[in-house]
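For reference, the structure I am asking about is given below.
Chain lettering (A, B, C and D) follows the sequence in which the chains are written, and residue indices restart at 1 in each chain.
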Amino acid sequence: MSTTSLEKISAWLQEYARVIGEHEAELTDLDREIGDGDHGSNMVRGMRAVAGLDLAAFGDAASYLKKTGMTLVSTVGGAAGPLYGTLFLRMAGQLGSGDALDTAAFAGALKAGVEGVTQRGKSAVGDKTMVDALVPAVECLEEQASRGAELAAALPEAAKAADAGREATAALVARRGRASYLGERSVGHIDPGAASAALLIESAARTLV
Amino acid sequence: MKELINDAEHVIFDSLKGVAAAHPDTQRVDLDNRIVYRAQPPRPGKVGLVSGGGSGHEPLHSGYVGAGMLDAACCGEVFTSPVPDQISAATNAVNTGAGVLHIVKNYTGDVMNFDMAAELSAAEGVEVATVLVNDDVAVQDSLYTAGRRGVGLTVFVEKIVGAAAEQGRELGALKELGDRIVANGRSFGIAITPCTTPAAGKPSFELAEDEMELGIGIHGEPGRERVKLGPASDVAHQLVEPVLADLDFTGAPVIAMLNGMGATPLIELYLLYGEVAPLLASNGVDVARHLVGNYITALDMGGASLTLLRADDELLDLWDAPVNTPGLRWGC
Amino acid sequence: MKELINDAEHVIFDSLKGVAAAHPDTQRVDLDNRIVYRAQPPRPGKVGLVSGGGSGHEPLHSGYVGAGMLDAACCGEVFTSPVPDQISAATNAVNTGAGVLHIVKNYTGDVMNFDMAAELSAAEGVEVATVLVNDDVAVQDSLYTAGRRGVGLTVFVEKIVGAAAEQGRELGALKELGDRIVANGRSFGIAITPCTTPAAGKPSFELAEDEMELGIGIHGEPGRERVKLGPASDVAHQLVEPVLADLDFTGAPVIAMLNGMGATPLIELYLLYGEVAPLLASNGVDVARHLVGNYITALDMGGASLTLLRADDELLDLWDAPVNTPGLRWGC
Amino acid sequence: MSTTSLEKISAWLQEYARVIGEHEAELTDLDREIGDGDHGSNMVRGMRAVAGLDLAAFGDAASYLKKTGMTLVSTVGGAAGPLYGTLFLRMAGQLGSGDALDTAAFAGALKAGVEGVTQRGKSAVGDKTMVDALVPAVECLEEQASRGAELAAALPEAAKAADAGREATAALVARRGRASYLGERSVGHIDPGAASAALLIESAARTLV
């Protein structure tokens, strides 16, 4: 993978860190409603650490993504730490060091990452988690890749899919994470992790172009 | 936000500085890693006991580090589980070669972070076993939830397994003992006022003057049901019945804990215990040991939880064994 | 009104039923007279130690009844001193012939009721001496006030004089010891949220989100001054400075207590102690013993108080002596 | 003293019990402002016990007043218990068993009672306590007695004096009781004990006729 890929991935995560900071209160409020009110501060803590990583230390995007995953694991805690950490660690594992960052490559890496999340979280689409935003994005990217779409064109579509997935969590009964304790009372609230995941894909659409 | 803190971001670090100042004789605090250790390292051959979780439940867990209970507690951010590196560091530090037992409350975050820590430590040759505490009957234990939460019973596991570890029992035996306690213990909690985390700065939920939440956990999360707040005699029923409905507590000595959630004055907790105790008795429950006080809290939440453990002579003996921690002390 | 009670009128009775259920091995409760006794009567020749006051400050006083501290505590209504008959009944019951020491917090009501009780008991041939605790530096001790309030130092007097009584010291010597502690101890308190008495059902005062009260007592009364609530590092100065300004605490070992007012989570109390401890050290105060926790509360008030006692070897020895009460326990 | 005096004194205290019940919240609120918020419930507890005394058990007003004082002492607690208790105990001591309940006798008894209060409380007029309502009432009654006024005519005047004394406490800095802890902050608030004391004299004006 070229230096350009590293720079792009870095731009993506810098943007994500900025956006997470902007949405901290919103994420925390969503988590107060059906969780324990810390998702915003958890993500800010983690992404601040990621944004602080020195790009010069990395030879390629894969090693940078790996460090991002490890950084999230060791700074975030809670459910989001291991899950987002696993997402990036698996993306790193999937992205060979020579790969170009095209739609297929990105879709493949994200897919591997999201599979890591569902494995670690024992979760599936419909459980009212971040997975509900991530899986539609992956599926959208795969479909666009199969049609040969450019990443710059594919990502805005994937972001729309993630947003729709996020919105759809409102109607669901939570079956994983803290919100599952609420049973039916979780209905009517958007899942905070789905909201932060949708922001991740939106950030990609703005930077991986 | 009305709190005695410096700033929300440094609450854990700042508070651990206070722990270090408050218990220099019995505890040692690794401020960088947010780990509270016993001042004395475990003696050779003793299994290390490590617990931890989100902060805000004090005295749990750091208040239970000391002779007869934990060797180390890992303090996460408020209501956020600690991270794998931190847990693994504590695990490695208290390993004497006899292995380390993790006592983990069943929350997705705690489970995943302790699992990853166990993998890290195992990779360094440390034998790790885990007791997963999931005693909260308010949550259905099904494929469609994250399973029952770990709440009040955690205190009992830390005390009883801690005493057994002190006797020199082996890792496998301690895990079995912990699992036995988990199989025989149940809890249920109610809240009459919410709590406010430093980071959120807002109450975790809104309750009208005459409302209470049934089946709350220890993270300010709403419960399963919101009902009218009645007299303490009603609340006692609301606490006792779900616990008794879930497990038979008759025909064995029982260890009971009526726990305050943080902001409930002791006078009210005693008053509630005055209703709970006869109710348990009239249901054929023989309370052999009991605690009334703040043992596992949710910051400044108002409310209470009841924990019952179906015990036997062995568990009672281990319960009675000397303990010297900031949160529990007797026999020395 | 958001409380775990049955009705405001029977709070004390109902709560004492809970105390009786919670501590049957170590305490005996006279429900009619609202007196908490040690389960074992004092051994012949021991001076009886009686304290008491309004309820709502738990664990004070009933939580300090037990080996090494009080023989009896008289529980008044919430924030209302007990009545003479009640105090006299407790006094007569714990008199072994060696006399009885009253430990009284300096409030008009407490002083008058304990005085009348002492007269009643004296009329029945019981020798009574009184230690009046007045440690609150927030109040000017002048002809034009009711004098300084008795607050946190009461815990120290009950512990230290309790240990000395256990040694068999005589009434006069115990009174002298108590007076010495009072002469050498000072306290100061702050509140960030008010408390609500069951009878009033309304907060004792209103505080804006960014305000705190300086110099509060333990009855939800407003303090002497309302100021902006700053970070804990500022609050530490606000707690420490008035105490140090009032008495020289250098050049002697000091016993310190950072006490929570009821609703302040332990994590915040530790955090505050993390600020207080270095501040004391930098002012040349050598803290030899300390407590951090809820020892004398004002129902569900949020806040903290600092108590310092200028001690010496004798006081430290008595402090370290075994104590077994619901509120303080060590050495046994 | 005649049975009539006993009945009159009893009617007074029954009325006082009723009025205290009516003003419980008001007294407690006054006490919340500059004290500890219990004066209303304290007085209700005590006067309920007094109202429950069996009149048949008493031969005269003096023994009834004595029992009233003892009942208040052993049920009220706080500052008000010993102080109001002393008030009635001293009144009982002053009222001979044969005395008629005229203005001079009542003034003398009340004066003895109030002196008991100031002795026990080490307090004086101007300290912002119940004494500020009681002393003006005594002085008014004494003055009326010296002019030969009937009790029925004197008491309404005494009640006005007590009311004025109560109102005047608002301007004072408290020097006794809990309110003294507040120093200057006690200014602007009526003293709760002065308020309950004014109610006592008002009740007398309605019943001792």
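The working rule: contacts are C-beta pairs under 8 Å (C-beta built on N, C-alpha and C of every residue); 3 or more make two chains touch, one makes a residue touch a chain.
If you want to know which protein each chain is, UniProt gives these names: A, D = Dihydroxyacetone kinase, C-terminal domain; B, C = Dihydroxyacetone kinase, N-terminal domain.
None of these values were measured; they are calculated from a predicted model.
Averaged C-alpha coordinates give centres for subunit A and subunit D that are 74 Å from one another. Each chain gets one centre point, the mean of its Cα atoms, and the points for subunit C and subunit D are 32 Å apart. Spacing of subunit A relative to subunit C, judged by their CA centroids, is 54 angstrom. Annotation for subunit B: residues 78 touch two or more other chains. With chains as nodes and touching pairs as edges, the resulting graph is an open line. By the definition of touch given earlier, these chain pairs are in contact: A-B, B-C, C-D.
Residues 1-7, 11, 14-22, 55-56, 58-59, 63, 78, 192-193, 209, 229, 231-233, 235, 262-275, 277-278, 290, 292, 294, 297, 299-300, 302-304, 329-332 of subunit B are the ones that touch subunit C when the two sit in their complex. Touching subunit D in their complex are the following residues of subunit C: 8, 54, 76-86, 107-109, 112-113, 116, 138-140, 144-146, 149, 197, 199-200, 202, 204-205, 217, 219-222, 224. Subunit A makes touch with subunit B in their complex at residues 28-29, 32, 34-38, 40-42, 45, 73-83, 120-121, 175-178, 180-183, 185.
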